[in-house]
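Per-chain numbering from 1; labels A, B and C assigned in written order.
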Amino acid sequence: MLIALLKRDLLLAFRSRGDLLNPLMFFMVVASLFPLAVSPDPALLGSIAAGVIWVGALLAALLSLDLMFKGDYEDGSLEQMLLMPQPAMLMVLVKVLVHWLVAGLPLAFIAPLLGLMLGLADGGFMPLILSLLLATPTLSLLGAIGAGLTVGLRKGGMLMPLLILPLYIPVLIFAASAVQAGVQGTSYLGHMAFLGAYLALTLVVAPLAAAAALRISLAR
Amino acid sequence: MSRQNFHNLDASPNANGQLPMLSARGLLCERDERVLFCQLDFDLFAGDIVRIAGPNGAGKSSLMRILLGLSAGFEGQLFWHGQPMAEQIHDFRSQLLYLGHQLGVKGSLSAEENLAWFCPNARPDEIYAALQKVGLKGYEDLLTHALSAGQQRRVALARLFLADKPLWILDEPFTAIDKEGVSELEQVVIKHAQGGGLVILTTHHDLRVPVKTLMLGGQESEMPLC
Amino acid sequence: MWTRLKRLYHKMGSPKWFYQISTLCSKWCMAVGSVLMLTGVVWGLAFAPADYLQGNSFRIIYVHVPASLLSQSAYIMMAVAGLVGLVWKMKMSFVVAKVIAPIGASLAILSLLTGAIWGKPTWGTWWVWDARLTSMLILLFLYFGVIAIYNAIENDEMANKAAALLAIVGSINIPVIKYSVEWWNTLHQPATITLSKKPTMAPEMFIPLVLTIFGFYCWFAVWVFARARNEVLLKERRTKWVRALVQARQHKSQIGGDA
């Protein structure tokens, strides 16, 4: 059942691949606003590049969260999923995996391009890619809680950032400073260890919480 | 809240000596401080076709969602094969086929792809046969948003032929289905009940099927608390 | 033992019992809180010696520190109340969680404001991205999320459960957030009081602070009880005991008016 769900969701994502580009384009546009707003000076941009790219990545991940359960809620498939004999948290994990594959992982591939545009120093690229690979699953996992809580609400899109962004702060702090450490040529292993630990914590807590959130949202 | 927690169901067997499949004791449902129904007791047996009836707003959908375990706003106990529902939820869900008001049919998937995820254990030829039975031969590979409302519902109804589940809960299954389709569906429902299944449904159609009726909204209660 | 616990649980779930007991409790809290606050504030503002570095401006800690402490523990209380509501389906604990949210948020705002006012003479600027101020700001954001959920979901029961879940997730995250913010900003003063170590403050400054902290807790309880009782009356307005209560009050005020 879970493999069937994974297949179906990937197929659905593939059928509406135009939608998948939106977060990526958004990511690029947001990152390009900063040189326009701050200054085109490469030295200045280089010093804020890590933060800009990571804030952009957070917002892009947030933008696509609305899609995680909304479509299935509206056409009734979410009900069917909660009535499956398998625990709902496994269903949530599949959903998170799909969200990460289509909305989180691509950010890691496009981020180096933005790094080039923003004049990120050479040492920053490796930690940038690694931190995105390690921390975007956390964003999808935490996001699933917010998506689950707001799935039944018409104004859920406005509410979601308010619920989820505070929880993203530890990721932002450690990921951005990992890139900064790479730029300065110091070790970023500790940052990665923290990001990994936070991923492990959310991997335990988030599917449970998101499944509970979905049950609450559907118990009209 | 469970004021008295009786773990054993005090149900008597029916004429065939069977114990009830699904039972409810003392169900109470409140919506916005209005009591929809209270002290609702029933025993449903294998072979029954049960129609939940009542005027609009009597709580038909609410009762269905309570039975499904999707609603939290109720008091009372549910039993599955005589055991408290909370302990049997896995067994209950693995024997349940639910067709909701919303079908769960994805517009950007074909009929066959939709069914492949609903019934992952079904082979492709079984899916094709089921689609033929609901009159969708030749539409298998079309994306379902190209189909009419009635055809989309038929895609969902094809699940009745694919999954071997004893308990069917059907919310308005006849909506948007043409006359012939309705009588065919009635036969399917009867056959399922005769084969030892339990069918619980709501409908506004006049059924030409022997049904038990569970009437809601009999007592108009304005009291805040029963 | 078990049956007694069970009976207590049902009593605690009953709005009428909660109303009665909270009326009594809040009277006591009001009395004790007033004494503590009065002593603490007068002692702290008038008699405690001035700080040798910060002069008299340090005296704002008698508001700032209790407000910060309390807004943090209020979040945890809200999460615990929500957890009790979700697990044991105790309706009254949802009410308590619901009324704590705006109170905790106001305390966080109070803490931020007093922090800013304190910062002006100390650091020469209203706002510094100091670790503790930043943590408090994020805590305020967490409160915003919970309040936003209450506002967004119309169905009371759903809103209560959703907000409880968010508060629980938030409280699991609070240590992580605090740790990461502190790590991010290692340039800050050591925490003002720690329970494990000996206080570095002079006792004449420290004791009034403890008094005001406990005073704040008492008044917090009064505030929570007052709002919770309001909620209970609103929810139970159609029941017999609330009607009887209202009639008794009206009767009393009529007699009072005649006299």
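We take it that a residue touches a chain if its C-beta (ideal position, glycine included) is under 8 Å from a C-beta of that chain, and two chains touch if they have at least 3 such contacts.
Source: prediction; values computed, not measured.
Q: Once you draw an edge for every pair of touching chains, what topology comes out, line, ring, star, complete or other?
A: Graph shape here is complete: every pair of chains touches.
Q: Which chain is most central here if centres come from C-alpha coordinates alone?
A: Located nearest the centre of all protein C-alpha atoms is chain A.
Q: Would you mind pulling out the distance in Å between where the CA atoms of subunit B average out and where those of subunit C do?
A: Taking the average C-alpha coordinate of subunit B and of subunit C, the gap between them is 47 Å.
Q: How many Å are there between the centre of subunit A and the centre of subunit C, using C-alpha atoms for each centre?
A: The computed centroid separation for subunit A versus subunit C comes out at 33 Å.
Q: Which whole number of Å gives the spacing of the CA centres of subunit A and subunit B?
A: Those two chain centres are 38 Å apart.
Q: Hunt down the residues of subunit A that sit against at least two other chains at once, touch-wise.
A: 216, 219-220
Q: Could you pull out the residues of subunit B that touch at least 2 other chains?
A: 72-73
Q: List, in ascending order, every residue of subunit C touching at least 2 other chains.
A: Only 161 qualify.
Q: Under the touch definition given earlier, write down the residues of subunit C that touch subunit A in their complex.
A: 86, 138, 141-142, 144-145, 148-149, 152-153, 155, 158, 161-162, 165-166, 168-170, 172-173, 176-177, 179-181, 183-184
Q: Using the touch definition from the top, list the residues of subunit A that touch subunit C in their complex.
A: Those in contact with subunit C are residues 145, 149-150, 153, 155-156, 159, 162-163, 165-167, 169-170, 173-174, 177, 194, 198, 201, 205, 209, 212-213, 216-217, 219-220.
Q: Touching subunit C in the complex: which residues of subunit B?
A: Touch residues, subunit B against subunit C: 1, 3, 33, 72-73, 224-225.
Q: Can you list the subunit C residues touching subunit B in their complex?
A: Listed in rising order, the residues are 10, 13, 89, 91, 157, 161, 238-239.
Q: Please give the residue numbers of subunit B that touch subunit A in the complex, ascending.
A: Subunit B reaches subunit A through residues 65, 68-73, 90-91, 93-94, 96, 98, 100-109, 113, 116-118, 120.
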